[in-house]
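Data block below; observations after.
Chain lettering (A, B, C and D) follows the sequence in which the chains are written, and residue indices restart at 1 in each chain.
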């Protein structure tokens, strides 16, 4: 049996037809009512073959959607494998067994706090943690190895303290600034994060709309759930978007992506340089274990076969050979400003400067790549004095991301010399919990916080922010206290106040 | 129907009359048996209109009292809106539903520890936490953002250690000192804190009486629950009081307040400079959420309408344009010494010096304004060496507040160069839990502690306190340990002592 | 009725007689079968009058014994108030109500771990905490204010790390050293601690016997439960003891005590200089609250009357005027070496040197006096380099106490220049839990630990211990981490290992 | 009755015969079906006589096996004491009472996570903790005194952070290196750990097989459960093994061991220099308490008799007199490179260099010897700059062990100058939980982690690793935070997010 995908008017395939192709030898799947023969594609699938085989002969739409942009099949599966429409009425509905965890989640969704009870960005995360699917939560929230760097990203801001000035006229506060020539209302941008549909069925376009409302820039991720064009289409006239790029081994593909983005109006090209290989995230791996094949992130740890498949798969779309030698080529194929995303020490910032790029993002990929990478804000404090010493501070726009949750964090980064900060997960959580209104409120909270805190440190606008307003002496200190004296702690009888019936 | 407030002998209004005016279109409320038409005032109410509308057509006395000094209506509501007496017998009593939380609180009050079981200032806080109304507790105890600065205020004292001298004759200990020319028994003063009636029905006058008994100075808050004159009237002849001032946009009002205070005998004008906008305190906001309109602190975060109302409202009484340029004017309208309250770095202390003011309070407003502001005591350690280097150490009296709970804290501040320390929340808690006897005991405990500790560091009086008595090397270190190694911690099997039947 | 104490052959007093004198106006008490009229003594009692009045007209022996040496009445109560023997058969036995706490304690004693299950000094404390009377435990374990210094005493040793040398011949280890000319088996001594009978009915003589067995020196406390002579009598020929001295306002009394000690063979006079007033220990105060009058430590905090009584009382036996001027007098009245106990900074060590005393103990009184006093070991690290610089390192013997629990602590102190270390509470706990065998085992454990650890750092004897063997870089750092980011901590989903049925 | 061991064809001994020799006076035991007269050996037994007496007259095989290599009896018990075979049918089987702990353990084993659920080395430890026998777990996991050093070993790596380089071509990663001339696939080796059969009935040969599969070196322990020859026999042709050596007082024995090892092909002699006496490990002692005599590690703490026995026993096989003077002799008896294992400060590394040895292992024996010894990695950071300054960095190969759990740890050590790292406990845990497949997976995980992390720091091979890739500023800081402010902590009302039905 050989169904051509180009047969028009073809009678629809039946569920029964499909069901026969349920093995490695012949594997068909249904996506959005259409059948595809993925047998040959199995070994190349970045997520490994097992996850596809789980749906061999069946409807895979629900699992497929959050992970793949809608144009995936057109782009990556030869047309000859597009088998045409399926008569969905003939496809056996799978009885989903009642999942107590899912039941609990639905219960929690019913009892969700109303949006107005979220007073800060962490509140959205608290809600999202409780209402998201476990695997989606694990994918968003996980990070590399022991997740030390992810948490340090937040900690690092806590080590920076203010030296505010009083008695400044702060009647009118102007939070606006420009990034790569674009004027924005407040110095943050929505940074690129993968797989937006895991959190919200509409995916990244929700963030596009939020960014538009608050006049901030959205960076479009290579690994979006929506297609690139969908995300651009969701923008309004004049709304600024940037492109985040994983560089493909096949530079023609890369060139096509870049030039397409430029044509569609993207105003900045952010080349990811901290991910020659996608990180191992154990929380994510553990959460997917029961779902045996669904290892989105292609770990090589669980068994040899899958490991090899994944290694090959990844190498098909991220190029580990990407190096400084490639920069001139990038400069030659686009007029968009080029920014290196994921630079992590001052030596590389200087090198970036000499390479002629327009900016860097000091970032560790949200802690998802190399554990014990330092926070972007710490690197910023290392970078700027050296740049100033060498007169290079205006040659590049310096951005920083990772761990930003409060407007005070944004102010700290700008005091230390950043042009703007990227915020990723918090908007994902706001979107996952409350959709666009969540994103809107999250951004508004940042604006409200920032206006107030600008007043409180005595600055009217972002140009007044400077290093003398912060005390960073504790920033670079990475210490752990001496291990607990358990015996001593156990015998100590802690001082207690007067005995009272406690509130609880 | 148009009731004039100046009709004498008028027959009383009935509850039924009132009940008709229960909307935004016509909003009357009863306060202490008299009716007021607040319809036009609604949009200007600093706390937002919703909280008033909740009581439209009803008796609002109970809610009104702790938040507003008794002269508020006379001062801020045009006499034409004073509608005259209400026949309270005709006003329907609202059936209060049994509140399990309130019931629990009454239970806890019944079982309160007796006053003699409070051995230190923190003990009062422990009791207050359990016997105060939740919203009152939240208002007093809350601070800005993550409340990091509020807690750091306490921590900072813990980073200062003593280098005591032995074999000094410490038979007679003299704790007295002078502040702005006034002799006091011990170098602390009761600093200004808002809304005293939330904690005690009598409000700030309780603190006046406590201060008198122990011969310390009380700073009268602008946002007191009692009126300024009530608080001054509660003082005895010769009892020293200071005025804390939020500067009004309308400088005539400010001038009137200042000159009235001077006339009534205030001996110092403390201009708050760390609050061009009142801080966001999320714990407070959260505690009031159910009580939908009662947002005392005028957050702009919860919805757009209220936010705008609040912003306008605040700007009506605190002037964000206040700046160094205004200082000469203040010096021209009063002979009281002028002290800037809320200075937070050495640069501004020097500027204050040159501006000709008489002192500064190194303060971050109890952590209620800018989170990650440094503690006053840390700023003090930064300030004094510079002042001494420049020969300015005697040009200003330097005060410090925030986090003082022990007499050792007072001694540390004086060793580092402070003239005195302000103590706020602890006396509020003592007053809330035990009234005047609580305040009395709290002050006595500080005296007892201080006498002992003066002996133990080898000083007879406060003039002997000097920097060589303290070790401040760890004071300015703001670090957080490396994030927890959860996997490592989980596998570690902690050492335990011999197995014993435990005391519990 | 006026009973003379010197009437011989007197008929015994009856319980009925006594019972009449049960008030402030006439207060008789029975101690060890004899009656005493303490009416006039009441206001002078260091522990306040209330605790005596509780036993007015009754047998007070049980309460009296642990707090007072047997010769107290002879020394401090005029013979005319000694009323003679009581016919104890006629004294009504007080029915003690069953105390559930005491019952629990007896239960715990029955289930005590056997001595061999104590592997280190902290194990004794763990046992003692569970088997001692609550008030006794509170008295021993409590410290000043927030007990920060007491715990820092332990922490400080944890900040010192070893730099051991390998490949040294450590076959034979010699732990012995000399202190003030006396040869001892191991460089610690039993330091003075008050009220030994609270922990063991025999009191301090148990420690005397333990010290003898292990050939270490015992320092006899002024506030012992046993009389000085009892403790000296318990020593064997040639066993070295020292005298700890609280200096009395009445220098004749002090002189008598000192010269008596010298005559009885004491080999060192340790003058306490860190306690011009006895510290406030809130845990102790709180534990005694129910027992209303029994405030052993004479706090002034709980009510005015008792406070004044206590202040007077204390001044009757500890002289707060003691100063450097008194040192020559002490040098004139005794040939014993004089050591100042409680010196806390390098300036005072140098002063002690110039004053001609023979040594100092760097000590903060076990954290029981001034909270935020630095640990003795930290002061030692400050002191020795300065002494060496000035060539004074051999002019004084430097001792250190506080927080020593492991032989490694002793080694650290000796590496830094101490001649020996004092150990107090651990032996009290060992004695309270297991009596003399406990003290014996505690000392043996220290010897075993020390022999091993000497080998492991590569030293054969204590003269080889030197500063290059330790790394003290973290020692003087007094920091507290930034206050917890509670919101952040709550949303973080900690990494967990594979799910396993846990051992518990 | 006198059975000669050399009587061939002898009738077998009966259980009844044996049972008579059940006392100190005559003590026979059965091991693997043969009887031995150990009466005279009792006082010399390194583990003390009690543990043997427990099995006097009985079958001791089960207890004997994990602790003793099979050739022990041949080596250490005179042939005249080998009494010949026992008719095991006549030996009374001991009824083992049901042990609820063992029952729980069997239950946990049944529910063990499958191997694929272990994603990192700590996961094996988590499983092992739950499925190993309590005493075996205690022996492996315990360390000296308060186990501070053991935990610091792990902490220390957490204080080192990366400064990665981006845009390096990292397509091909080569993890291989050489150690003492042997090429290995990845720069770790299996370090020597005692008593492998406690975790797995096959013992150390399991590690031999794992090492072979991954082409890494195994260091053979002196105190292995398998005999030296068994372990060598388990290796394949060309597989590299090293010998760890405890130096015996009897140098002839030592010489024989060393030369035998060299003859059998060992490629390195690692002389343990940090254990002139075996450490006290209280967790281990406590776990064995009930099993009264089984004190493997010969503590001297529990009673005098055993202590003396143990001291003597130890001195019989570890020589505390071993010193630098012995090094020339070692160099004279073998051509194997000689490495000193357990060097702990730079002074000794330099001395080792001058002594002509070929390397050092910076190690503290897994924290099992001297508590408060610094971590090997910290010592490494102290050592290398000095060696480089003196031009000695290539004179020695520097190894480091202790606390390595992640490939990032290996990379950190190599960046700082180590040639390789030793890993011990993790492989024991992997072996105890899952046998050879566990060891295999553990090693594979390290390879996978390392390949990824090499890419992420921008290095293709280990020669590119250098100090500029790490930030070690916090490494040598040994601090403990100020003791907890319990009163303050108790009154603080922690900020909480919106109330949500929690996931649990």
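We take it that contacts are C-beta pairs under 8 Å (C-beta built on N, C-alpha and C of every residue); 3 or more make two chains touch, one makes a residue touch a chain.
The model shown is predicted, which means the values in this text are computed figures rather than measured ones.
K.L.:
Count the C-beta pairs in contact for A-C and for A-B, then report the pair with the higher count.
P.N.:
Comparing A-C with A-B, the pair joined by more C-beta contacts is A-B.
K.L.:
Compute the distance, rounded to whole Å, between the mean C-alpha positions of chain A and chain B.
P.N.:
It comes to 43 Å between the two C-alpha centres.
K.L.:
How many angstrom lie between the centres of chain A and chain C, each centre taken as the mean Cα position?
P.N.:
Centres of chain A and chain C (C-alpha means) sit 61 Å apart.
K.L.:
Could you say which residues in chain B touch two or more other chains, in rising order?
P.N.:
Each of 117, 120, 122-123, 126, 129, 146-148, 151, 155, 158-159, 282, 286, 477-482, 485-488, 490-491, 495-498 in chain B touches at least two other chains.
K.L.:
Using the contact definition from the top, classify how the chains connect: line, ring, star, complete or other.
P.N.:
Basically all the chains touch each other, so complete.
K.L.:
Spell out the residues on chain A that touch chain D in their complex, using ranges where they run on.
P.N.:
Residues 104, 107-108, 111-113, 117-118, 122-123, 126-127, 129-130, 145-146, 148, 273-274, 276-277, 279-280, 282, 285-286, 289, 299-303, 307, 320-324, 326-327, 340, 342-345, 347-348, 369-374, 476-483, 485-488, 494-497.
K.L.:
Which residues of chain D touch chain B in their complex?
P.N.:
Within the complex, chain D touches chain B at residues 120, 122-123, 125-126, 129, 137, 141, 146-147, 151, 154-155, 158-159, 282-283, 286, 405, 481-482, 485, 487-488, 490-493, 495-496, 498.
K.L.:
Spell out the residues on chain C that touch chain D in their complex, using ranges where they run on.
P.N.:
Per the stated touch rule, the residues are 116-117, 119-120, 146-148, 151-152, 155, 158-171, 406, 408, 412, 444-445, 448-449, 452-453, 455-457, 468, 471, 473-474, 477-481, 484, 486-487, 490-491, 497-503.
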